[in-house]
Amino acid sequence: MFSVTVRDHIMIAHSFRGEVFGPAQRLHGATYIVDATLRRPDLDADGIVVDIGRAAEELHRILAQLSYRNLDDEPEFAGVNTSTEMLAKVIADRMADRIQAGEFGAAARGLVGLCVTLHESHVAWATYERPL
Amino acid sequence: MFSVTVRDHIMIAHSFRGEVFGPAQRLHGATYIVDATLRRPDLDADGIVVDIGRAAEELHRILAQLSYRNLDDEPEFAGVNTSTEMLAKVIADRMADRIQAGEFGAAARGLVGLCVTLHESHVAWATYERPL
Amino acid sequence: MFSVTVRDHIMIAHSFRGEVFGPAQRLHGATYIVDATLRRPDLDADGIVVDIGRAAEELHRILAQLSYRNLDDEPEFAGVNTSTEMLAKVIADRMADRIQAGEFGAAARGLVGLCVTLHESHVAWATYERPL
Amino acid sequence: MFSVTVRDHIMIAHSFRGEVFGPAQRLHGATYIVDATLRRPDLDADGIVVDIGRAAEELHRILAQLSYRNLDDEPEFAGVNTSTEMLAKVIADRMADRIQAGEFGAAARGLVGLCVTLHESHVAWATYERPL
Amino acid sequence: MFSVTVRDHIMIAHSFRGEVFGPAQRLHGATYIVDATLRRPDLDADGIVVDIGRAAEELHRILAQLSYRNLDDEPEFAGVNTSTEMLAKVIADRMADRIQAGEFGAAARGLVGLCVTLHESHVAWATYERPL
Amino acid sequence: MFSVTVRDHIMIAHSFRGEVFGPAQRLHGATYIVDATLRRPDLDADGIVVDIGRAAEELHRILAQLSYRNLDDEPEFAGVNTSTEMLAKVIADRMADRIQAGEFGAAARGLVGLCVTLHESHVAWATYERPL
């Protein structure tokens, strides 16, 4: 199995609801370093998993919809805790939709899975992994 | 599949028995940067894999039993090579016991696996992965 | 010249005023990985720059006053852009005050300078350096 | 499941054929930070996955055949795009051959899989994973 | 003293002349992770060292003139060993020219020095530091 | 000013004397990631600060005298706390001696200073800097 990973980042504000979150129930924020990994069993005709430049651009486009925002004010996250693991899923699902819509190129249809990791600090990160 | 990882470290002395270890048969030591990863297929009612603060505290508690010690003097490791991979298993198994005992909270019972990586330097690390 | 550095982090929300900041004028947030470096020309009687455990605790204490907060709501930052470089100075100055008040121990009076670096992402960081 | 990883690097020149590569169709180069991971379900009689010193030496030997070269001039890569993902497979397959030939020691025959990751920059990397 | 650093990278081919370079006399290549640090004693009216977005764009523009090239073919480097340290100086000097030409904005005229570090691998890097 | 840095590591056991060290008074150990930086105002005739391969070999040779040892048993450290900062000085001074003895090559006589950093974990490191 092959995979390719590209890295980018977002900077957001948010707060959490639930006693388990302690001081993170207050409005605070995070830089998330975002790693998106795309998997396929064989390389395409060009000898690659995916056009890595296009993958980086697509990741950047998806992240731009989230970055420099207070996620508490975004209607799509109403009533949802935008935890690191939840945001990993949101980004992975949006990326899957773009791949299936052909935005990563025709060859990207050979992709079988993807995985998104968000690093919230040097000592904590979360991952969501799914098939395509 | 979701996962969350927390990082901490220990500083220990030890020696190895067996010609394969070369100069590491002498008493020496290591800093191990320890990454503990907890997995589950779905998020809990708070939208998380596990209370990450509690996971970090639990990892720290488990590591405190090992850190600042000469592992050659610890009865529990008598006759055992405390290799990086062996210590990864020791830490993972202790963490699994604590999870099953409810110490990570009731919601943590949804966890299905864990993985512990010990980085012994910038050029070598070892991992032990197990189900829960 | 000797120095010792300890690392910790904070997670905050804030916004900036000024066209130069572009989308960062919106309420957003950041994880800052914070490195505090303490310098002195000679080691103390114990052969160290400073009690590194105490330095880490002091850094944590200073950061706890900032973390999990919306800095726009903190009176001390009214009318101030809490840029990465500005926050580096705020943390360095508070640390200098604590050192001069003897909170890092008597031996820490031999310190001659300190330096604080805040990493706002994997591709950008800022530093403030000052004498003691 | 246990694994051990060792890290080394190579510095090579190459170019790619195919419009998808844009400016990388020109002769350019890369430093690849190479991580080789070896897996096995149980530890050997010495309590390890593999002799880590020998694994590091073997990885270095395999990389020495590639490093400080223009891969466009190497007959073995004629007509092949030496993409990051392709090189990960080349290195993994050579390592697998050496393991099966007994060069990692008799105990290494317990290995069941390996995985090679090449980091081409701080924002992009590729992996190839295979059984043994 | 304040400073701000931005990171980017280039991928180039080159070779060196001189026995001291050993196998690096052959045509090979490198990824250089490039850190550009800008210094000033006081913050500008916006509370920053420099418009960090503009600094990142300027660094990217300067690097684009070097990246995905065989430096041996570039007339500007004829007869010069494009060592890591030499390239650090080339990038720093071009950045200094752009700052002095006002391309980093009027406020950037308060900058007093800059420093460029090129990481050629995880185990080697070089820096060039100069006043403005 | 130019500089070049090479990285290597050691794994040692030791203990500290003095209440300030808390649990580190027990026999324990550390992996130190060691960065050695060499400085000079101008490049040599080959366009470099120093033969980086030779610098890496010299660093490795110096570290081999310390690695895989219990520093408490080494006569040269009798009565000395082998703190991170103290070891940085020991390594820097030995490297300075080797440079001055011509072991880094004739051109290395143009070096004016060096700096050694020891990372004891992902959250703490120490540096010693000296002229040549």
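Every chain is named by a letter (A, B, C, D, E and F) in the order it is written, and numbering of its residues begins at 1.
Keep in mind that, in the parts below, contacts are C-beta pairs under 8 Å (C-beta built on N, C-alpha and C of every residue); 3 or more make two chains touch, one makes a residue touch a chain.
Quick caveat: nothing in here was measured; it's all calculated off a predicted structure.
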item	value
Most widely separated chain from subunit D, with each centre as the mean of CA atoms	C
Fraction-based call for subunit E against subunit C, same above half, different below	different
Per Cα centroids, the chain farthest from subunit F	A
Cα superposition angle of subunit A on its copy subunit E, in degrees to the nearest 5	180
CA centroid of subunit C to CA centroid of subunit F, Å	27
For subunit B paired with subunit E, centre-to-centre distance based on mean C-alpha positions, whole Å	41
For subunit C, residues that touch 2 or more chains besides their own	7, 122-123
In the complex with subunit D, residue positions of subunit E that touch it	7, 9, 11-14, 23-24, 26-33, 67-70, 73, 120-123
Interface residues, subunit E side, partner subunit F - complex	16, 18, 20-22, 80-81, 83-86, 88-89, 122-130
Residue ranges of subunit B in contact with subunit A within the complex	1-8, 43, 46-49, 51-53, 56, 105
